[in-house]
Structure formats: structure tokens, C-alpha cells
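Two complexes, one shared chain (chain A), two partners (chain B, chain C).
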Partner chain A sequence: MYQSNRMWASASFVGVLIIIGMPLWWKTTEVYRVSLPYEKISSFKPLSHFVTTELKVLANDDATASKIVSEIQKAFAESDIIKIKIEKTVMSERQQHILRSVVDMEKAVEELASTLDLDQENIFHVVQKKSLSHNIWVGNERIMFFDDEKASETIVKALDGWIYQTSVLRGSRSDTPDQARSTRFPPESAYHITLSIVHPRPDTMKVVWNAAEAVEDYIGSFVDELSSLHNFTLKSQWLHLLDFDFQAREVKEVSEWGRHFAVRQDRLSLLLTRLEERAATHVSELSTINLALYIVPCDKAPIIIYDNEGRKNPLSIQAFMSPKWGGVVIASPPAEQCSQQVREFEPSVGQIMGAFVSHLRELLGITKKDAIEGAHLEPSRSVSPRRWEVDALLRIRTLEQVTSAERTLQSLAQLLEEISNIVINDEVGASIAAAVSELEAGAGEGAGADAARAGRAHAHAQRAFTHPGLLALLYFPDDQKYAIYIPLFLPIMFPVVLSLRILLLWFMGKPVHKEKTD
Partner chain B sequence: MAFTNLMLVFIFNLLYLSLSSGIEIPEEFQKSNHTNNWAVLVDTSRFWFNYRHVANVLSIYRSVKRLGIPDSQIILMISDDMACNPRNPRPATIFNSAHEQINVYGDDVEVDYRGYEVSVENFIRLLTGRVPPDTPRSKQLLTDEGSNILIYLTGHGGDGFLKFQDSEEVTSQELADALEQMWQKKRYNEIFFIIDTCQASSMYEKFYSPNILATASSLVGEDSLSHHVDSAIGVYIIDRYTYYVLEFLENVHPNSQRTMSEFLAVCPKSACLSTVGVRKDLFHRDPSKVPITDFFGSVRPVILTTDPINIVETPKRKKKTENKTKIQVKRDYVPQFPMHLVQVT
Partner chain C sequence: MFNSKNFLFFIAVFIETIFNANGDLFNEELFIKPLPPAHLYTYFQFTTLVNDNLSSEHTYLAPRSLVEVLTRFQVDELHFTLTEGQWRHNHWGYPVLDAAPGAELYAWFSSDVENVDTQWKKLSSTLAGLFCASLNFIEDFNTITPQMALQPTGAIPQNPNITSQLRYASLPREIVCTENLTPWKKLLPCESSRGLSALLNSRMIHNTNYHSIGVHTRKVCSSSDCSVVSLEIKQTVALVYDSKIIRTTDWSFTKLFGQGLPGGCPLASSSKVYVDITTNDTQPFLLSPEPEKVLLSQRGGSETKLALYTIKPENKMTTIGAKYISKKDLVLMKLPPLYFNRYVLGYGKEFGGIVTELTNTFWSSIDVVVLQNAPWWLPIQLSSLRINGEASSEMVLARHYSPGRSRQKPYHLELLLRLPPKSATKITIDFEFVFLKWQEYPPDANHGFYVGSAIITANLPTARNYTSLPGTASLFESSINASKPWYPAVFRTNGVMVSLPTPDFSMPYNVICLACTVVALAFGPLHNICTKELVLKVVGSSVTLKQKIINLFKKKKE
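And now, the complex of A and B:
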């Protein structure tokens, strides 16, 4: 009887500790991990995305149109990065009349705009206009004029290099960054643009410049065109008494000054360091594009930048930009102002803002266009970017954000699978699910309307990856978890496990102790 | 006959290929493709008797600043309790040699994480980028895929861990995981990892991400020793490894041609008394062909503007009309004394 009491006591120990306790301990020490769509994430192929666009070819007769269309189709058939839907039409009598009668290209575009819809995004028109001075002509609107079917090769080159920028598209999708991606700011939903006017010697010269108005009008008009991609906050500030030693070499010459100061290009990066000390660009959590106007004091004027090969910068405006940082314009006052008693310098707003806008274009992703033989690209004479440049930028940013979102999700999934004891809380799970659903809804194909979807996917993926909660417990590695519990429970489990053998024997009815037999 | 000819041709080809094949790595793999430089300098210890660790870090900070990395790209984490310590006979200064020639604290030091903010959690958050949303930009490591990062750690360490602020530790596995997460998020191009503690090489043994070159002041089982005492201040003032590193860096200027392999050999056992450890299997370039300015100097590309926009007509931005009518708010003082509660007869 006592034996059965003892056995039941041992059995209850075994029951509580091993049958109830162990699973309870396992359940309560497991790490909270929201389930993630691992299969969907691993099925993403970042390098398979492409953009789609539409092209309309209009010619005087069907033969020319067919020839041009077939040439373009042949050139872009192999392309895995862009799929073009080409539509060909023969021009109506009215359109042909307009093109014959109007000689000025801009006016021709204006007149044609009534018959074609040039404001629709992502649709480009290739229109025949006889007796052009070059093979093709491209302006600010979504239209390209070509002379005749002999221009087909030039058309293909212009479409590849200027309009669709397939090399930049490829660079935005690739693993390693290309030149364009290293220059432009990484994709974000909003930026700050700060215009700083640097005036080292305010006691010697008065500078007349309305910074707020300049920023608002020039930069504001420029960024309004890109409002579908990013939000911009425009700021301006004056930095007085910020001096920088250019280590310029005086060069005598025949001019109103009699001299100029030569500054080497490799010295300019130190100016950026000096500007960063005072420009207070870290006040917000968004990236800041810094535009600085440096007013040279009279005794150091005029400054001319010499490049690394020792060649003088021939332009009337001395400016430079630094990738992913911003741009600087160095303005020297004219000689007659410096010779007066009361010096007043009014820098030319249009010229300086023109330099800043060209910096902004590159920093936001509108790349320089290389010259193509036989093709004429009308130089931009307004602050706004060309319509087709905005289309191209939308395509580039869409592709960049989609591939970046997919790569981020894939590396996050890999990390979370590898390090099995990171806590995945609800917010991270929700962000990942949102990003995956945006990507599955076809953010990858097309542009324009899907730029918004790509932006959201990218933002969700970034938020998931950089969520501060992925570090909350400074996750305990498994060996540390066991190192805590084993010294606590092993001594208790020892006699319980040992008594299991005796318990089993008793349950099976066998004699517990070996009976002595004579 | 034809067969022997074939064999001869084959053997000749083999010989030719083996003699001319890549002992020399082609030039394009040697050139670095980084676009900016960052430095993360951490002193993990506090209290007066660990003066030498702060002097270590600040000396590296001064060298790195002198060679061009701007403050906005240096993250300095020190406990900052030396310069104004009541036991400091030279207040507001920190020296790195008994001659007391250079005040490495100076008046323009920018400390990003000070005091108790130097913790394991903040360090790992800084590296992985998982900072709380209200962290200012100067406290974030805003690197990208083209950044070369110099990471310098000093303090008290042991086999597999580094002690932070005398109360917690970071293990080598956590550090390796943090660097792997940086690699996955493309937050660095190359990392040069220097650690000056006891048994320092145990901290880099667990690294598994590519493009990391690591060096440590001592191997597992060895102690890293300090260099000399300043009897006027009363504590050890600098560690041996960092002392010889600084001696080397004094001769480096922004256009220097010195290479990383010279840096890695900077402290022989006779000088350091502990063996300097190096880990180069994760680094794909040959250190003897990598200039030291790839990590200690700063690249800031500058592109001259050759085609400014010629703006013909002045643009005018369409102003959004704001219909905010300003209501005049009348303000006055709260009564100084609650007269309404006092019976005035």
C-alpha cells in the first residue's frame, strides 16, 4: 500500500513536471513571431521587372510609317527592360497641312497639340515633318519630328538614349549602382531643398538678393512638375561670416579686373565640408538637397575654377555639384561695383538659378543627354523639365523602388529565417504584408499610375526592415536561453527521470525490486 | 604521331597559361568604387582609470578629421567623463602623450553619443539602422552602398565579448550578425574594422559578411597593453597599439601613397608586446594595393557644371491662396491675487 502511494506520488511528479511543465515552458519561452509570406517573398525576381510604354508613329504615308514601326520594333524586340506598344497612323490632311505650312518647330507643336493629345502621360509621338534641317528634332513636349524613313536609325538611337534611357533603366534595376544612381538622391517620399547664401564679408559689401522669392519662383516651379513623385519643402537662409580659403592662385590677365584667381577643382570638396558645419541641414529627418551661393569678397574676386587637367572653366557662371549632396554657385562681383565707396552687388538671378536648376535636375534623376549625330535636341529654356523627361523619371523611379522593395523583403525574410529568435511583432508583419500585396498587385509593370504603388511598396518595405522593434529584446540566442534554464531545472529533473524506470515496472505489474530467492 | 603532336600542343598551352595566369589581379579589381567615407569611433569604457581609452578614440578622431572626413560623417561614441572629471588636473583637456602637446579634446569635438547613451543597444541600432523614429540625423549612420566605413572600438574585452560601460557586453556573434544585416541592406561598400582591447581578435572571428578587413591589437589569450603613464595626470595615457598607429598616421596626408598592408604591419610584437591579428579572407582586394586614404581619407566627388539652364522668362509660381483670417486674440495677465475670494468691505 505504501508502495502504491509512493508510486502515485512519483507518477504525479512525472505528470506535472514532464507532461504539463515541459510543454508549458516551451510555449511560454517561444519568441513571438508573426507568420510571414515567405514563399511569396522568395518567388520575387527583382531582375525580371520591366516598364511598359506607348508610342504613336504618324507619317505622311503608310509605307514610311510601316518602315519606321518595323525598325523600332526590331530594335526594341530584345529589350527586357522596356516593352513598347507601337501604334501607327497615317496623318490626316489637316495635320499634314499644318506641318507643311508652319516652319517654326515650337509653333508646329502648338498647332498639332490640338489634334493630338500631348498631355497624356507615358505616350510619346513620332511625327513626320518634311524638310527638317536635321534628321530628327526633339523639343519640350512629348513629340519628335523626323524627316523621312532614312532617319529611322537616328530615331531608334534617340528613343534609346534620350526618351527611354534604357541604360539608366537598366542601372536602376541592377544590383550594383551605375553612374546615374550614384548621382541622384535615393528615392524618398519627400525632400528638403535649402538655398544658402554664403556672405563671408558682410561689412565690406551689400548683397541684394531676395532668396525667398528666388527659391519660391524658380525652384518652386521646377518641383511642382515633380509633385507626383516627391513632396518638397523649400527653405532659404543667409550664412554670414562663413569664410573659406580657396588657396587660389592669382593670374594676371587683360580684363576689367586685370587678374583672376584660379581655384583647383580638388580644393572644392573642402568647401562642402565647411558649408556643412554651418548650413544646419540636419534639422529634419528628411534628406536635404543643399544649394549654396557663395559671394566672393572684392579682394578675392573674380574666382575661376580650373578642372583637374588644368583647364579654365570658360563659362560666365562658376558652378559645381556634388552627387547626393547638392550644388554650389560661386558668384564674383563686377569690377565697377568693387571700385566704388559703397559696394552693392546684385547677382543675376536668372543665371544663378539656371545653374541651380541644372544641379537639381541631375540630383533628382534627370540625366544629361549625350549628343546623337543627326538629331537635334532643343535646349531647355524654361525652369520646368521636359514632359518626356518627367515620364522617363517616373519610369526610372518606379523600377528602382520596385526592385529595391523586393530586394529588401528578400533579405529581410532571409535574415528572419536565419536568426530564428528575433521577435517579429505585429507592425513589422503588417508592413511586410502591405508591401507584398502592393508588389503583387502589379507595381512592377507599367509606369505613371503605378509609380504611386511602387512608392508605397518601397516605403512599406523600408519601414519593415528598419523597424526599431526588430531589436527590442536584443534577441536571446538559443544557447543563452538554455544556459539560464538548465541549471534551474536539471537538478529537479534528475530524480524524476530516474524514477521513471521504477514507475514503468510498477505500472506493468512486474515486481519492483528483485526478490531475493534462495 | 598526330597524337604526340596534340599532346605537345596541350602541354605547351598548359605551361603558357600557368606562367602567365593571374598572379597579378587585374587593375580594375584593385581600384575602389566607393563614393563616400564614414567613421564609427567607439569607446566602450568609462571612469577615470580608463583615461587611455578615450585618448585612443579621440586621437583617431583627430587623425580622421585631419585627413578629410567631415564631422557629419563621423559617429563618435564616448562616455565623455574625462575632460570635466573632478580628478582631471588639466580640466577640459585630454592628452594622448606624456609630453601633453596635443589636446585631443579641443573645442570643436562633436560627440554624437555620450555618457550612458553608449550602450550595446544603441551601438547595434546605429549599425543596423533600426533607430527610433525621432533620432536626429547626426546620430544616424546614413551610409549607402558606396560607403567605406572605418569602425574603431576600444575598451575592455575578453574572449568573444566586449564590455560596454562596465555593465553589459556585446558578443562577437551579435557584432557579426549586425554587420551581416548591414550587408543585406547594402549599407556599406567596404569596412575596415580596428579593435584595440584585450583578446581583441576574438571579436572578428565570427564575421561572415564580405568586404570586411579586420585588425586587432591582440590575439585570443593575449592582453593588450598600455604604453606609458603621465605622472602629472596620474593614469596611463595611451595604449600601445594605438600609439604606434598614431605614429604611422602622423606621416599620412590626404595625397598619401601608403597602403593598407603597411598599416596592418604597423606594430610588430617587439613594440606592441601582443601580436597584432589581421583577418583578410573576407576582403576581396589585395591590401598591399589598397591606399590608406580609401578608409582614412574622404572621397567627395565634385562635378563642374558645363550646361546651366538658360532661363528666358522669369517663372512665377502659382501661389495657393490662403484664406486665413487672423483673429486678434486678446491676452492679459491672470489676476495676481484671487481678489474675488476676499471680502472687500
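And now, the complex of A and C:
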């Protein structure tokens, strides 16, 4: 019959447009996305990570050792950020003899090193040494001396504040960065360190300064100790005729100069802008830690930095640090040089590079150690960081990288959920998968062995998050897409969808038109 | 009196020691040459010689940004120019360094580099960022590897495959402006605050007939047996002023650059200004102030008189100027030994041709290499190559042709020709027009498509109109009295423009709109015809309420 022909025609419209056309359209306009391990990513709990470390307590007798161990255990039992494996030993006769006979601390550590393995990373020793001037003593090596069991409170404080730095660890794990995290550079596998010597007036004064040697000697020996964490490339350059107006106020005083120029602290950030113009930090592919030595011309010397409350900088060296940017030292030539016809200024290498190293310590994440009552911290004699500081940094960086990698992946997953037209190409997919597998393999096992794994996971996650491929289709929002489709699809789909009812009735064998029955 | 003399001597010694201690040498030079009747050529050259070869990480006078780029991509020699305007060889003679209009970049990579193409891509993108130029548009499809036309000028170890480490690209459409000059100035040790670079005022130098800025780096021997090489960074600016633009034939620093010279760069070992006063015999002018010295340079049978000024760092504001005494005489410039012209043939949108005309005005033959570089959308066929209208010519000594591939590789033709004495040679090659995909058209496609300049490398037998430096020399002063058996030169012809078949760009949109409307309109009736049946109503059958209302309206109308 005609009717069945018509119905089949209608059905074929439905077939072509809805059953074949729609899925085809859906498939061809789909945003390309590699399947991602969403469940694994959402199961990450960045706040659950902690680090593990080992501690060896050595005392003259078992009772003291047990007392100290129980005190430490009690103090760190509730810590969710660090798990300490404590081992107690009674010292051998030889060790006790060394500690009794050698008075000089450094020497005692040296002698003791033959009986203890101090080179192992992430293992710290707490050793009893009678008749100390303080309750405890901490030096450069992974060792701490304590007097007797009365020192237990100080030991716990020193372990918490200096050795393990639990507050910094917590800051590196938390959502909002703490003071230390907002100062140090974000974790990366390698950095460039560039020393720029700014010489505004090369025509009036000669500056004697071997930049290459200073950088290699001081910065080089400092960063060598951190080579397990990052690779460093050291560079130096001279920037001539870069003049900066400090807007300094002249202050009369009784000295060789008879004056000094007072520079307000808030003015100094403008110097960084001026330096950025010429320092060419954007050329390197890695993040650059900037160090700048500004040589003050004679007619503007000496410059002294005043803080925002108008207090004079008490130190002999004028320096400041800008978080996540670098450090600046302002060197003024001495008065007797400026009074001469031929001016030649040789800035003190040790003092200036010392200031730069102290900037670098903070920029790379070694925090300042607050004084603890009854505890003595041996001042560092060389530029290189203390061994236990490197251990602490390794723990901080590991925790930071693991949590940051997890957060990065989680925010990426969230973004993908919210914005439907982000492309995930194979490369990004592979990076995400690699980061997830690294994170799963080394989840929360702490520092040491898996620090490298944390670094890799972080690098993979960063690469995935910042891949330009994600943005390929971001400028084609959905509403604009439908503005093109609707004028075409609406007039076509309208009759087809309406015909569905009649078609259904016909297939079910029910009468299609009421009038027909007449 | 005695004391002050002694003091001066002391300063001289002291300045010397600064530079010896740090190794680097910086020299700045300015060469001014009147190009009668109405033009003036000024050429700035800033040369930094990096003697400290121990490490590239530590720089003193050299720009760290550039040195770092060169080291990272292992570049042995790099030439980069940004040019606006066209050098007219037949009127102006030869410039010190010729440059193609737009951006031009070529580099030799170290023989350790295995994948030259990826390094080249990275290098061009990095330089694009460094100089704010569109060098990131350098891709495989506009890069060629010249076989004969370009030779390294620096000390590069002998290597038979040296050309395999070379890449060349030009972007003739690139517009040169202030944003390129500012990063260029930052590479100078004195930036633009002191020295000759203080004259480079962007407002004035872009108001010229021709301007070209360039960076040329190469390795030069620093020991006699060339076992030690050091890096030479040469930054150049060439400007041609038109007396019509500056509204006078008399010139001075103030007129040309908007200001005087605030002393030399204190870091430079020398700051010198040379003025070519050879034309003073025919077009007399007076220089003020009087030059310090007049040098007579005899080079390959031609004589040049140069007035020399030495600029001291402690100098006060100086301005050098010239005043013409009589302006009536018309002078005929002596034609240079070799000049050339390039133009497009043909009509319609199907076939066309490019002609390169070379004129040898010298009494002996000249060997030249002509490099033609045509983009993939301008396929040139070797079979259509004609020299003076002949398919095979005795003038061609060697030939290299590499056909292009659509969207992948440009066409590249190199010819080694021996131009007969006192002759004009016409090289013709035909091309077909190609249709591009609509997204491949540049903005303002109806403006036309630029075809890069041809490179002409010649060994000139005479130094007439020749101002270039000898190959091994770094400074302009070494071109004085530098007679050689021949004078190597690399020239660029003028660029040409072709007009490809360009569609109406609103067409795709119109087509989409029209097609959608037609489909939408046609679909309804089509669907109705296929699925509905026309049924005749029986008259007098029971009328529904709806029908009654419709009938009511019909009646009213009637």
C-alpha cells in the first residue's frame, strides 16, 4: 500500500538523520581526548603524605638512651608529616673514650666518623657527650651532641626546629604557601644562576672583579653540595652604563665621606625592573636565579638602605633579596678611592659573595635557623651548606614535589571536567600516565630513595599541565558552535522528530489517522 | 705642565689595561659616504671581539643573550639582517654589507650538530623572541641550503660538507621597525646611552630611503696558526638618507640623527668616524669641524679619500657636518663593474616568468654565482631556464637545481656563470601560478606575494665602488689600502612581487550560509512529499469547529 511506502520513507529519514547522522556528527566533532586515569587521580590525597627518616641515639648507658628515645617518640608520635625510625645504642668503650678525651667538637666529630657512618643520607645521630657548655651542640655533620638526659627537651626542640623543620615541611605540603615556600624557587630539575655586575660609570672608575672566578669559587662550591637536588649552570655578565636613580636622600654624618645616601627599601624593587630590561634572563630555557652586584658611582656613594620604618641597615653590607627572583648587593667604593684621580675599586669578594650565598640559601630553600635556648649551633665556616640542611632540603623538596604533582593532576582533571573543549593529545596523555605511575610507585614513602621519583612525577605533571596542545580548541566555545548548527539542524530535525509519533503508531499496528477509520 | 702630561699618559696605559685584563675588545666605527646627486650613505659598525674563549658562560662586553644562543645551538657563524627599502647598486655603488629586503637569516652550525634542521628551527624561534621579528615563520618550506653562493667568512675547520651545516631563509614580507631596533641596541655594551649608538634615534633612522640593521657573528683566528679562535660579534646599521626627505643636500649629525654625538663609548678601544670625501673634487663641500686627518686609500686601482675623526669618551657634544659650495653641477656616477635587475614577466593568472638581468661593465669577464630561491607556491621549471634566450649556454660553468615540494620545500636554483666582458646577461625562468588553500593566504592577500631576492656572489676584479672589508678583517679601518687580487662580494637583487590568483575570501562564508538556507528550505517540502499523502476532502462532509472558523474568514474576504 501507499501508506506503508510513506511510512518506510519516513523511517528512512529517521534512519539517515537520527540513527546514522547524529552519531556521525557527534563522533566527528568530538574533542580528542586520550583516556585518563581519573579515578586514580581523584583518589590522591595530597595532605596525607609524610616523610620518613632515621635517627640513631647513642648514649653512655642504656637508661639515658631509653629516656631520650621515649621523649623523642612522644614528641613526634602524633606528627602526621614525619615518621622517625629511632634506634638506640649504647656506645662502645672506644667511642666513649674518644668523646671523653677530645675536647674540640669538630675534632670529636671527625674522630667519631671512623666508628659511625655519617655519610649516609637521611640518617641523623644524637650522641651523648658529657660536660658540654650548652645542653646540645649541632655542627656541620649529621650529628648532635647532648650533655645528659636533662637535655631531652632541648633535643626535641632542636630536632623539630632545625633538623626536621616540621613547620617548613607542613608549609610545603599545605594548600597555601608559607613564608619559606613563597621565598624559595619552585622545584625544578635545573637552574641557571646569573651574576650581573652593574657598572653604571665605567668611564670614571675602574672595577677590579673577576666575575667568572668569584662565581665558580663561591657559588660553585655552594651549589656542588646541592647537586643531588638540582643541576646548576653558573653564568656572569657585565652590564655597563645601566644607571638607576635611587632617589636617595643625603644624610650628613661624621665619617670619611661626611655623608651617606639613604635609600628607602620600597624604592629598591624598581631597581629590579631596571635590571630585568638588560639582564636578558628570558633567553635561557630554565628559570634563572639572578644575582646582581650594583657598583655605586663615587658621586652617589655610600648608599645605605633604610627599612620602611626608617631604620638604618645595621650591617656593613648593603644587600637585599627578592623572593623567587634573586639577590642584589649594592657596593659603594671607599672614600679614599673616590678622592683619587685614577679610581680603582676592588670590591671585597668574600663579603659580597658571602651575601649572595646567604641569599641563595633562602632562594633554594634552606631556611634561617632561629635560636633555641640551651642549644648551640656552630656557625658555618665555609660557604657550603651543612650536611643535615641538605637532608632537610631533600625531604622538603620531595614532599613539595609529590604534593604539587598530585595537586597539578587534580586541577587538570577538574579543568577537563569543567571545560569540555580542552584537547588531551597523546603526548599529554603519556605525561599524565607517567606522573600517575611514578606517584603510585613512590606514594608517601618519604625522602631518600624516591626523591628522584618525586622529581620525575613533578616534571611529568608540570609538562602535562603547561603543554600548549591543551589550548588548541579553547577559542571555539560551545555556544558559538551551536550558533552555526542550530539554523541548519532545527528546520531539518523538526519534521523528522514530529514524524516519529506516527511512525511508532504505525509500527505498533495502531491506526495512524483517525479520519481514515471513517 | 709636566704633571698633566704624565697624567694623560697614565690614563692611556690604564685604559689599555682594562681591556687586556678582561680580554674583550669593542670598537665602534661610522662611515659616511655621499652618494651624489641626492643620497647619503651612513654605515655604523660595532665590533666586539670576545677574546676570553675559556667559557661562554661569562661575558664582559659581549651580549650574554646572544652568546648564550650561539652556544646553545652550536652556531659557528650567523648572519641576520632586517632591512627596509632597496639598495640601488647601479646608482649607489656597493654597500659595505648587502642585505635582502625584509628579514634574512643564515647560519653555519658546528659539525658536531647532527640534526641541523631541528637546531635551525629552534635557533630561528629563539632569535624571533630576541629581536621581536617574525623569524618563527621560518619553516622547512622556506629554508634552503645554498651550495655555492654562500661561504663562511670566519675561521671554520676545513670540512668538505660545510654546506650541509648551512641553512638560509629570507622573509621578504617582514617589516622593520622600532621594536627591532630596541632589542638590537641592548646587545651593545654601551647600549644607546653613550658612543655612536646614541645617534641611532629610531624616529630619525626610520625616516630614510633604506635602512638595514644586522648582527653578524663568526669565529676569527686569534693566534697566527689559527689553533685558537675567538668570537667576533659585529652589529651593523646601514642608512641611506634622501636629500628630498631631509630637505637639504647639506648634512650634519643634528640633521641626520636629530642630535649630536655625546662622546665615544667609554668601553670602546676606538670610536672613529670616516667621511668619504672623494666626491669633493666634483661636488665640493666643506666639512666642519676640520677632519683630524685625511687618509688616501688606494685599493685595486681606485682611489678613495677618507676624512678621519677620532671621538674620545670625554668629548663634549660633537656634530660633524658638510656644506656644499655649489650645487649646480650634475654628476654622472661611474657605473659599478657589476649590476643587476630583477623583474616578473607574463600576464594572466596561469604562467609567468622571472628575469634576472646581470650587467658586466668591466673589460674582463667576471665569474658569478646566481642563487634563485622560489617559494613552493611559485614552481620554477628547470626546463624553462633560458640564458639570453638560449636553453644551453656556454656561460654556465656549474648548475645546481633542487626542485621544490608542495608545502614542504622551496625551489632552489644556483648557477655559476662566467659573464663576458662588457655584456648584459638575461636569465629567464618560467613559473606556473598555484592555487593556495584558503588558510594559506597571508593577511591582505591582494597586496601580492613577495619572492625573496636572488643572491649574487661575485669575485670582482676591481675595487671600483667597493667598500666592503677584507675577509679576515674585523674593522673598517683595515679596508684602507687593502689591495687584493680580487674582491669577494655577496649581493642581493631587488625582490619581486607576484599576484597569485586570490579568491574572494567572503566566498566560503557565503557558500555555507547559502547552502544551509537552501538545504533547510528544501528539506521541509521534500520530507512532506515523501511522507505525506494528498487527500481530497469530500464536499459536504461534517465540518469541524476549526474548519468553520476558517470558512468564516474566507467568506469575509470575499
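A few notes on this one:
We adopt the following convention: the second predicted complex is superposed on the first by the 432 of 518 C-alpha atoms of A that agree within 3 Å, B and C clash if a C-alpha of one lies under 4 Å from a C-alpha of the other, contacts with A are read in each partner's own complex, and residues count from 1 in each chain.
We take it that a contact is a pair of C-beta atoms (placed from the backbone, for glycine too) under 8 Å apart; a residue touches a chain by one contact, two chains touch by 3 or more.
Quick caveat, the model's predicted, so the values are computed rather than measured.
In the superposition on chain A, contact of A:P334 is made with neither chain B nor chain C. Once the two complexes are overlaid on the shared chain, A:G374 sits clear of chain B and of chain C alike.
In the overlay built on the shared chain, the residue A:G429 is in contact with neither chain B nor chain C.
Among chain B and chain C, the chain that touches a larger number of residues in chain A is B.
Once the two complexes are overlaid on the shared chain, A:A319 sits against chain B while remaining clear of chain C.
In the superposition on chain A, A:G21 makes contact with neither chain B nor chain C.
Of the two partner chains placed around the shared chain by superposition, chain B is the only one that A:T273 touches, whereas chain C remains out of contact.
Of the two partner chains placed around the shared chain by superposition, chain B is the only one that A:L471 touches, whereas chain C remains out of contact.
In the superposed model, A:P37 lies in contact with neither chain B nor chain C. Of the two partner chains, chain C is the only one that A:W238 touches; chain B does not reach it. 277, 282, 284 are the residues of chain A that lie in the contact sets of both chain B and chain C, per the superposition on chain A. Interface of chain A with chain C (complex): residues 2-3, 6-7, 9-10, 13, 194, 202-203, 206, 208, 211-212, 215, 233-238, 240-243, 277-278, 280, 282-284, 341-342, 487-488, 491-492, 495-496, 499. Residues 35-36, 68, 70-72, 120-121, 124-125, 128-134, 136-138, 144-146, 173-174, 177, 180-181, 184-185, 298, 300-318 of chain B are the ones touching chain A in the complex. Residues 176-177, 182-183, 186, 216-218, 220-221, 224, 265-266, 268-270, 272-273, 276-277, 282, 284-285, 305, 307, 313, 315, 317, 319-325, 327, 349-351, 353-355, 357-359, 361, 368, 379-384, 408, 411-412, 414-415, 419, 465-468, 470-471, 474, 477 of chain A touch chain B in their complex. Residue ranges of chain C in contact with chain A, taken from their complex: 7, 10-11, 14, 18, 21, 52, 54-55, 57-61, 63-65, 68-69, 126, 129-130, 186, 189-191, 193-194, 266-267, 313-314, 516, 519-521, 523-524, 527-528, 530-533.
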